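Just passing along the structure, written as structure tokens.
Per-chain numbering from 1; labels A, B, C, D, E and F assigned in written order.
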């Protein structure tokens, strides 16, 4: 199975904060902190927990460049 | 100046492909390839070139998690 | 492997138009036409072709509602 | 009135969960579950309720393909 | 008909550049330039032309803040 | 420092509502109301407050057109 999304960053889950609809998932990728705002349904569906090895996925059209 | 976008990845520009409207900017971030699809206007406005040190920016709501 | 993105629509590829950077992938989902704008790199990486059975993926934060 | 967003899925609202800022709107589209994360302001502005006939809207650049 | 997307900016089309898949639509909103990257299919479907009075639409989850 | 995101709207912060994960930031741009849904972490990192002069940032690929 392959996904068209071009950016795949291997990461480790460091922190999960659940609101009523959205959750914040903080990850570590080679020393850089990543933050994903996903639904709490997704957190439960993936059974996400601190220490999990995951992949952060970002579509190329969603990435900007700062110089 | 600070930006609300939570994900900031330091990267080096490796390749730029320009279409008529959109451009593909391939970057290297600590050995991981990143791909941003931005307008060619942005490439010109930032004067992007191979070897440039840049920051890839992604809003937290645009990042998914795969497990 | 599970993806946090909540919307997964089974579809069949009907048409692929490649530009220099972006490609248009037209799909059929139960009689409804879907259109994804992805990079041509993704089209090649997935080896997408007319008739392929695929899944269209959309993050919940990217879906709007019209009433 | 026409909208540039290419993906329009007719759906029926099945569930609405309101947080303090964001709301989850679960819809049924021909037997497939759709989930939109929109602001609670939008839910109120559209006066969304269970059973409403709505259209889920997704921009082509926000749709990925899995194969 | 109401759309959940919260940001609606009245604008006038100033320039349209068509690639093979994507188009750039430059608009003027009260003296501020807006740029939308949409599919050429959308440009044709809306029959967009220079001088058209349009509304630029942005979902709240797609807007960042710089300070 | 330049950002590839094409749409930059000068605005004044009018209201901030914080949930547990996401925050709503309402802004005024030349008489038009703007609404951004960002993480509460961003609100705190930028130290956002009512009356702040800010810039709303939107990537061109995230802007739709209604006609």
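Methods note: contacts are C-beta pairs under 8 Å (C-beta built on N, C-alpha and C of every residue); 3 or more make two chains touch, one makes a residue touch a chain.
Treat the numbers as computed from the prediction; the structure is a model and nothing was measured.
J.: Which chains lie in contact with each of subunit B and subunit D?
T.: Output, common partners of subunit B and subunit D: A, C, E, F.
J.: Subunit E and subunit D are one sequence twice: same or different residues at the contact, by the over-half rule?
T.: Counting which numbers both chains contribute, over half are shared, so the two copies meet through the same residues.
J.: Which one, B-F, B-C or A-C, has the same contacts as B-E for more than half of its contact pairs?
T.: Interface equivalent to B-E: B-C.
J.: When I count C-beta pairs in contact, which pair ends up with more: B-C or E-F?
T.: More contacting C-beta pairs are found at E-F.
J.: Take the average of all CA coordinates in subunit C, do the same for subunit E, and state the distance between these two points in whole angstrom.
T.: 22
J.: How big is the gap, in whole Å, between where the Cα atoms of subunit C centre and where those of subunit F centre?
T.: Their C-alpha centroids are separated by 29 Å.
J.: Using mean C-alpha positions as chain centres, tell me how far subunit C is from subunit D in Å, no decimals.
T.: 18
J.: Residue numbers in subunit C touching 2 or more other chains?
T.: In subunit C, 1-6, 19-20, 22, 24, 35-39, 41-42, 46, 57, 59-62, 64-67 touch at least two other chains.
J.: Can you tell me which positions in subunit E touch subunit F when the two form their complex?
T.: Residues 3, 5-10, 24-25, 27, 29-30, 32, 34-38, 42, 46-48, 52-67.
J.: Quick check on the complex: what are the subunit E residues that touch subunit B?
T.: Listed in rising order, the residues of subunit E that touch subunit B are 17-20, 22-24, 35, 37, 61-62, 64-67.
J.: Help me check something: in the complex, which residues belonging to subunit F touch subunit A?
T.: 1-5, 19-22, 39, 41, 59, 61
J.: Name, in rising order, each residue of subunit B that touches subunit F in their complex.
T.: 1-6, 36-39, 41-43, 45-46, 57, 59-61
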